[in-house]
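Same chain, two partners: chain A is paired with chain B first, then with chain C.
Up next, the complex of A and B:
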């Protein structure tokens, strides 16, 4: 449940530098004690953060794992349930469907924003004027400032039968396509997904722009002199140069898709029917509406493992060589 | 070196403490085991008093934000009558009361008066005070049985047994109607049967009006279904189902018939376009626009409708399945207050509960759009002329007299509204389900959540 906000940056590389530095230090027996002391002193500095981590991250995770093996209403005495809660996660059709929906959302929360971000970032790079570039960046990043829940409400209005989307369709002569987007069994999931696209594109654009800024401008110049057009430059220079930034974008947005909660909860609550149920909303409803804390914890644990199973290979794929 | 010796034990202590705290988490056994169940019987044997306190006492109250208006008015009137009592109220946003209330109730120091959402779960965990001694002492037994039945429980089943809560007032459901449009389609008297209602809606349809404002984005489509069900299945069976009586089922021919009627109306185009995408606000706007005739909804919207259609809207109970048959309406407590087993000032809290059916409190309930709790021989609260509330109170009286008050089917279990009623009704109105499947799926969810 801790990754529900979906925007927690990966912290995998945190301790990667220490072994190298340690091996480079060669010291005699007398210095070894001092060295050890220094090492522990380092931990002391980290202690406040570690305590916070243990209390607010580790402890809830461990209790969630524990709860997942019980039937518990959150108040009374729990009864052991063995693996029953986990069996249900994979056999109750609505829970299984919710997991599939979250995978479908990857298209909208991750692939589309990264693609759009790449296009926009490449175009924005070309803007010579400092002012215009700044305005473009600010406008692109604006959706990121608005809380997902708030933008979901705004989008709900736009999607309503008399909302902006349908008015726009009528205005351009496509009135026949008018529908209650969030109430339509076919369109509800894509409609929710587009809210996510709108939210994530700005973040991706900004990250990718920063990455493009790091690419040596002389490479572009050289390519231009060699006669490479913009498209060729994009595929030969920009795309390879952004490898790690794309990796970060994909990681963050895939987590946001798999663990999505706020946008779905505020716009459809999983409806119509069960067309937009996602694990994040199910975890919430099982725990706090149905008071099935054990079942909810089991789904949350499965969701966390699922996120890890998807993210770890991606991390490997995008690692700089 | 000496510093190192000082550091080491401290470090070890931290490590041990950290480990111990994690170990207690995982090794403490079943969650919730440590909380001792409070004995409900203790309250029964303890001496009670119905005397107004002679020295200052402060009681605490917990409710949802949406009821702050009525609660604050009740508290003001109560503390004016009993100056020694101070009431400190806490309100949670309505969308989290369901989640927070069980935790408030289970707290080490719970409020003295708490909104009771599920009588049976509160009783199961021994967290609510049995109010029978107070009921006997104050004479609450004189209230019509239907007004208190839903706050009683016995052996984990609500509906009868010991009393655990008392209401501030009641909600009421039925059909709002636009008077001008009703006249246009020739409705001079309220329809006497579902058949007559259907005929009126057909006329409305051909007159280019929206016959019935149903909004199903958040499950409002359950309203027309249950309004029909109350009459077709009968209030007692509906109530038994909601109260989880053993063997209660909604998978019956009568329920299928009610669902069929709703599906037929929908198919005939009597509901607005995009009914599954319409929320309550949009429905309000549609009804206020003067393009609709009927609106199956409840008393909570009366004040709003007085503003948007002043003097132009009426309210009737859903007509019975056949003329002269059983009328019914969903009607439960605005808030039912109970006293937690661990509350400190039970006598003063009970004094407040008694006050809830006084003439002053009844007037406050009506002023805030609720139906008053009380006996028939009490003075009728006054309502401003021209308000649709007059119709709502009259409808409540008629339904109460016919024994037609039923609890909401969405409250049968904690998860059934979100996990079955809303999605299944969306499937039904979206043409993705059929009436038989509709009731069968809901019954299956009901049974699985109750572990049957």
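Up next, the complex of A and C:
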């Protein structure tokens, strides 16, 4: 009932204080003061979370911003660097490359899984067998359950010269294409990307399947009676009906692509050369192997801003109307 | 007869497609398994049916990768992070959504801002922060940041729950002069158990699988999470394909096992978690 109220109570209510309510408030002034005190006392509940969040997330974020304006090797005295670290993020080849790679990974971490998920989900939408569906669901979830670092090890083995990818190529008569995929300057980045595709496809498929389940089946029946074929049904019913689920899939996977670390670090460490380096790996290496803490922080700040700049428009685009 | 044939023609391609998607998801793991069962010192092929499976490879990997120690270590981290984070995030969400604390929405906006922040921006400052606190290379030095970094999602999740609690339950819980704590502890918290449990499952996974913070804040692989320990293990055994795959599978096994046992629960929590996050 104070002006602070506008924060939590609907603004309209706080603004429109009728004379009647005003007088009743005067009458119950003591009670309302007590209530106000009680509401401040509620902060005792919120305090532990606020303290932990402030000390271990907000404070480090501000520290990173501060570091980014200095040259610091992590031990000696830091010297002011102005905007130099930020300039280098956009001029130093390996840093620029890392940013481009993270955008290239969106294709594999996000677009491919969502597309595959849409295809699989829309075709299998009316699968009847509970059992087959259940088993398939369990298996498709596995990549989400195991640590990203472990997936990287599985795929490092898949891509190795003796690995299953080369074995399959030989089996279908494409043995000439055999190569050490993760060591190849051309193929390493797409190969790392496919790991991301593998990680996200199952989750996207299941999310989209759950979304399709919510679409009224009678709409499909009506469309069928009207003579719409499967493709028309997909574009007229399924796709619009999945708007928010697609938005969720894209948001999660785009963040995973831009901020990727585990998979790249464990499969290639950013190599060969800088062929697969991403901002996450660069942040780690700049700070802990090259002792360029300021530079590392500037890149981390740019990465965070990039994530925001990509996610906010996506959120707006996919918000349900 | 005819109808069952058409039905078969209708469902067969779908089943094949779904099977293919499922196979794609497990194929790399099967490839690992086939290599892990090959005789040690041999050069296994990418994927093959092991004619003479060497199950004792897993015993060896268990000892070499120090799985017993790692299980303990990860369990300590999970026990240190999950209950505390679940409790304090539930308290904060209750304060924001039901007690309507002053500036609660400002606090909430601050948390939402944290939802999009990648760990990359905090990891380097956290390293120096922990160094100055003398907590580098200790489990506490990993537990505390993980609790803090979990707050945005956790409070967001619990707030959704507390907003959905009917107003008359909230009012009833406040009657009889019971303090907010009593109302929270004895009425709100028991009602929130499904939401709390899902949150716990998601946090268990993210803690157990945490990699970046684990390798930065803890030098000793034996004190890390299971995922973090992989880095040390790969560094030491990268040339021994058989042992490497066996060890990596052992390191993944606990989450897979827990998942298979509680899978309905997991799937529901993760699908809901994705939608809310």
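Observations
In this text, the second predicted complex is superposed on the first by the 274 of 321 C-alpha atoms of A that agree within 3 Å, B and C clash if a C-alpha of one lies under 4 Å from a C-alpha of the other, contacts with A are read in each partner's own complex, and residues count from 1 in each chain.
To be clear about the criterion, contacts are C-beta pairs under 8 Å (C-beta built on N, C-alpha and C of every residue); 3 or more make two chains touch, one makes a residue touch a chain.
The structure displayed is predicted, hence computed values, not measured ones.
The larger set of touched chain A residues comes from C, when the choice is between chain B and chain C. When the two structures are aligned on the shared chain, A:162 is found in touch with chain B and with chain C.
In the superposed model, A:202 lies in contact with chain C only, and not with chain B. In the superposition on chain A, contact of A:63 is made with both chain B and chain C.
After overlaying the two complexes on the shared chain, residue contacts for A:271 are found with chain B alone; chain C is out of touch.
In the superposition on chain A, contact is made by A:76 with chain B only, not with chain C. Contact with chain C, but none with chain B, is seen for A:261 once the two complexes are overlaid on the shared chain. By the touch criterion defined above, A:135 lies against chain C but remains apart from chain B after alignment on the C-alpha atoms of chain A.
In the superposed pair of complexes, A:288 makes contact with chain B and with chain C alike. By the touch criterion defined above, A:317 reaches neither chain B nor chain C.
The contact surfaces that chain B and chain C form on chain A in the two complexes overlap at residues 40, 54, 58-59, 63, 67, 74, 160, 162, 288, 293. Every residue of chain B that touches chain A in the complex is listed here, in rising order: 1, 3-4, 7, 11, 14, 18, 21-22, 25-26, 30-33, 35, 37, 98-99, 102-103, 105-106, 121, 124-125, 127, 216-218, 272-279, 282, 413-415, 418-419, 422-424, 426-427, 430, 432, 449. The touching residues of chain A, counted against chain B in their complex, run 33, 37, 40, 47, 51, 54, 58-59, 62-63, 66-67, 70, 72-80, 94, 156, 159-162, 179-185, 268-274, 285-286, 288-293. Here chain C touches chain A in the complex through residues 11, 13-15, 17-19, 21-29, 31-32, 35, 43-47, 88-89, 91-92, 94-96, 99-107, 110-111, 114, 116-129, 144-145, 147-149, 151-152, 155, 180, 184, 205, 208-209, 211-212, 216, 226-228, 230-231, 234, 241, 244-245, 248, 251-252, 255-256, 259-260, 263, 266-267, 270-271, 274-275, 277, going by the rule given at the top.
Here chain A touches chain C in the complex through residues 4, 7-9, 38-43, 45-46, 48-50, 52-61, 63-64, 67, 74, 116, 120, 123-124, 126-129, 132-133, 135-151, 153-155, 157-158, 160, 162-168, 198, 201-203, 205-207, 210, 245, 248-249, 252, 255, 258-259, 261-262, 265-266, 279-280, 283-284, 287-288, 293, 296-297, 300-301, 303-304, 307-308, 311, going by the rule given at the top.
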